[in-house]
């Protein structure tokens, strides 16, 4: 098997290397790729959309239909993970663990027994992840708001600098993941419950498609942001600029929610009780 | 000979991406561990991204974000296509990266599911269990 | 409004999918109606688009209002309008039949399932309608990702099969993406029509040739063209009935359509059919695919696995027909694509109905089914006859074209393979009918004893619920109707979509 | 020149027995069900007869149903040749229905509804073949017939039925997919059409070798004709209930096979082309081989129905032999033989079934002395035998006479010898049965008080068909006239 | 774009790729895969694809690695090859 694979791979390598001989040289400014479509984008993007970051302009306007499906792919992956892994189980684990917050001591309560009364000083913890690291926890607690603000900046400033909905969304999602890793999944879930999370991921896509639907309703082609001009009382270029912003927000919401949705399902194998 | 050398110098990126891709492909075919296969798959996908970015590269050009942008005079500067790297492959590859992570997520959840069912990630061991039942 | 119709084909199911997933958490009862509504809108608008195309000729829909080749456009001609309508119709019929199964699933899965189902259809339809090679990749991934999840929803070996599907499918999609990259590097364009215009000067280039090969190989991975079919049998065998009913008829067929689109629109017949040897090799691969699929189907002991191998065979039909290089073959391939979608739907729905009552689909448990499940088996007979290729069911007419094309091209091996596989299909289906027709032999075997032969079947089997049987019967009738309207399909639709240069 | 009229009658004639199937399937009482069967039979016969005057007047009745592919339609055409066959089939259907009732009730068979339904379907298909206007339509009804008779062949649902069913299907459908379908497609590819016309459509469009190959593909692909070596499904199919064997395997299925061969060879190749390329000789030798070998095998069979089956195989090839002579008289003989043999052979099968119903005996060696208890049956058997052997005063004589004259006309002495030898063989395998029945003493003593004639539902039909066989000797005009029109059309075109 | 730097990083990319499929510990493989993604991110930044580099840094080196670690945590680190 391994030898066969090796032969196959080498053959494939040979074929591709053979084909590569015909390619334009690396960095050739006169290659077809650099002379056919891209000059239009580079020269017209600002004129059309008032967005200096050409990548964002192309991504969210010229090829926004692509990007809509890119968001949909993420959403689909989130739904897929949910469908595959999620299960509601009502069986009790062999024992419950509680940490006494002031002292850090962990106590174990066997199955069938319960703690009597209210114990504000005891917090339930996961069996798989009993240790508690105050340094990590505190550092994360400080870091997470900054990460989230940065993420929002990335989303909003995507017109002018690298970044945009995806990157911002991923970072937002990562901040939630960080919360889940540094504390536990339960804490993160308290921040963003499961159904809220799922609804957000669908909502993100809906925002994107909704912008398109509005343009359709206004009688223009799907995702033609110029149609928004009349609605918002701005000229077409600014309308495009704003349209890009709207869809970027949608992308960010969808990606953020979906990343966390995937994480929570994978990390807890669908039970959503204990994370890493 | 000179011709060949210059070809290699101008095409080393292509050779590199082919090599990385084949590393991934080899892992998918030859490795028996499911997570290893998934890693191979991801390597394969990213190699293609490398290829696309190589297409977009342009000598003597800068990143595709317009300069002089914060001001009313921005539009008046003539924008020359030769000054900026081709943005289109970047756009495409943003999509491809996201697709790759989505695929990875689904693949990993499947791996978790397979592990729940068989208690192992090694293909031969799974095959043994299937044959036994 | 009618000029916006093409957008609805994609937008309606996409919005529907999002709403369904939300409804899954808030008002679960809405999931199914929402799915139905979005499929009905999609079907309605695709039929509308088909009508527009037939009346006014091919149409271009600019997304975002940007002109090609800068923006993404829909290029709708008669061929893909037809495929769109077929995809929507098949998905709708299967959706009706799915409800019974999904209601039996744990409640929290309902929303997710319907959302994925609709997303899968969106992906498939998007692939068909788009005029942009990269956009096709993205939609391919949507269709695939949702497909993986739908397959993996089954029990037992489904997750493992799905993981294998993920690996193979991703490799396939990546090959396609690489091929697109090659094309982009050589032409600088992503729009199909634009590429086709820029290609003629590059016909001699090895990179363009490699792009052609890569794209084809990538598509063949997804279409399960032998020897790249390894993912298919397990995936479709273990997939739950609603997923199998959606994916089996559509996934491979849509990929075949994509292949035809690549050959006709992007590379144009002038290039696609210019490699004497390569074309012959592909036709011979198709021959091997047909024969191998048939032989493996013979060995199958499970009904769904048998059907899965038949699909492998059928893919060989279509790829072979398309690569024969003549107009008849392309017509046959397209017609077979439509027919095969309907046929496969019919037999997989029958499999669904059977598995509803039988719990497994082993061939040996089919005994006496003609008595106990007459409608299901009746529909299965029509589906089987269509796959065998008996007139007036639709399978015959596409086979007619394929064989005629083989005769015209002198591809005797291909014809022999088609006939061989028809014979094998005959054996396969009559093996099933025989088991279902003969009840368990009684101890004394033969007899004219008071009308009864053997005891009453041990299984207390009843006809499947109407929600499964009605779509099944409708599909079966559809097979005959499609057959009788073959001429309208060929002369009225497919012929308009094929390029004039293709002789 | 013949002129054509458009009419929907042929389509109705085909569809009437399909239309009756839902009625059959839903009928609650057997009498109602069988009432439907008869009603359909009578309507069908009337429809067919209503076409006779037009055809006798030299017209052709056309019915264009639907154009399924560009240039390829499902269409019906009634000419003399098709009408002869349709008449025979629809007359015998009524008779057989009556016989079925006696037989099936007599044996208290199971699943009678299914039986009658598929029976009706098979009849539709037969009439469809008779009226086909082109190759596609012929293929359609040919396949429909194959498939709808499978449940009839395997009616008993036991192991033997299963293995026979497999063999039946494999031979019939296998050959039609493997040989007939490509032949049809090649024909369409070469000629661009598959319409039957007297001049043929292939003339000048294909080289000699291709025409030869095509002809062989058709002759063997239409395996229902039982041309050796694709004959062994027929004896195997004799496990079916006797009415099925009688109608389908002496009349409908096998005759559809030879009829199709006649139709294709005259309508697609054309008599002119066959004569020009001298293909008649090839065909004649194939047929002769089958005639002689089948007769020899028949001699050695002890089971009555199997002997009849091999006899059928031989007799079918007479028709092909007659056609292969390519002279008007020979073809007339061949076409007439379709009619004569149908009446003769169905009588024989009915007798075999009646004997089985009355006594439960299947083997010839058990039939000693049968004639004393069942004189009518055995007399009918004698008439049927005479007809099949070709002796007066039975109808078979006429067709055999034409065949013999044809061989002389065509100067094919070999074939004449074949015909004569095989007639002797026919006599050798039929007459001993009659002899046993009437003159041999029964072996078992208790035989004397066992049984009497079969029920009248069984007996009446076989007497009718035996009488028809005799009648056709004295009054063959209706069929002869039609045959002559048909043959004139084939040669005059 | 500096060719030499390019080549050095490309070499590192390949080493990480080989390492990721070579090591006999899935957690190690996951981490090496993260390193691989990070190297690629550097490479793209050098080639001027800043957006792609940004995305790869957050998605490839970040979230993907987390997913993989989570999956390994939920399954097993053991591997035979």
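Order as written gives the chain letters A, B, C, D and E; numbering starts at 1 within each chain.
The rule is short, and it goes like this: contacts are C-beta pairs under 8 Å (C-beta built on N, C-alpha and C of every residue); 3 or more make two chains touch, one makes a residue touch a chain.
Please read all numbers here as calculations on a predicted model, not as lab measurements.
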Please give the intersection of the contact partners of chain A with those of chain C.
B
What are the mutual neighbours of chain A and chain B in this structure?
C, E
Compute per-chain Cα centres, compare each with the mean of all protein Cα atoms, and return the closest chain.
C
Relative to chain B, chain with the most remote C-alpha centre:
D
By mean C-alpha coordinates, which chain is most distant from chain E?
D
Consider the two chain pairs B-E and C-D; indicate the one with the greater count of contacting C-beta pairs.
B-E
Where chain B and chain E are represented by their mean Cα positions, the distance between them in whole Å
11
Measuring centre to centre with CA averages, how many angstrom lie between chain A and chain D?
75
Would you kindly tell me how far, in whole Å, the mean C-alpha position of chain C lies from that of chain B?
29
Could you tell me the distance, in whole angstrom, between the mean C-alpha positions of chain B and chain D?
70
Flagged in chain B as touching 2+ other chains are 12-13, 19, 21, 25-26, 38, 54-59, 61, 63-65, 88-90, 92, 94-95, 98-99, 101-103, 105-106, 108-113
Per-residue multi-chain contacts in chain C, two or more chains
134, 138, 141, 145, 148-149, 152, 159, 184-185, 190
Would you mind listing the residues of chain A that make contact with two or more other chains?
16, 20-21, 23, 27, 31, 33-34, 37-38, 41, 53, 55, 63, 66, 70, 73, 76-77, 80, 84, 162, 166, 262, 266, 269
Which pairs of chains touch, using the document's own definition:
A-B, A-C, A-E, B-C, B-E, C-D
In the complex formed with chain A, which residues of chain B make contact?
7, 10-15, 18-19, 21-22, 25-26, 29-30, 54-61, 63-66, 69-70, 74-75, 79-84, 86-92, 94-95, 98-99, 101-103, 105-106, 108-110, 112-113, 116
Touch list for chain B against partner chain E, complex:
9, 12-13, 16, 19-20, 23-24, 26-27, 31-33, 35-36, 38-40, 42-43, 46, 49-50, 53-54, 56-59, 61-65, 85, 89-90, 93-94, 97-98, 100-101, 104-105, 108-109, 111-112, 115, 120-122
Which chain E residues qualify as touching chain A in the complex?
1, 50-51, 53-55, 58-59, 62-63, 66-67, 69-71, 73-74
Could you pull out which chain C residues touch chain D in their complex?
385, 388-392, 397, 400-401, 403-404, 407-408, 415, 419, 422-423, 426-427, 430, 434, 437-439, 441, 445-448, 450-453, 483-484, 486-487, 490-491
Interface residues, chain A side, partner chain B - complex
1-2, 4-6, 8-10, 12-13, 16-17, 20-21, 23, 25-29, 31, 33-34, 37-39, 41-43, 45-47, 52-55, 58-59, 63, 66-67, 70, 73-74, 76-78, 80-81, 84-85, 160-162, 166, 255, 262, 265-266, 269-270
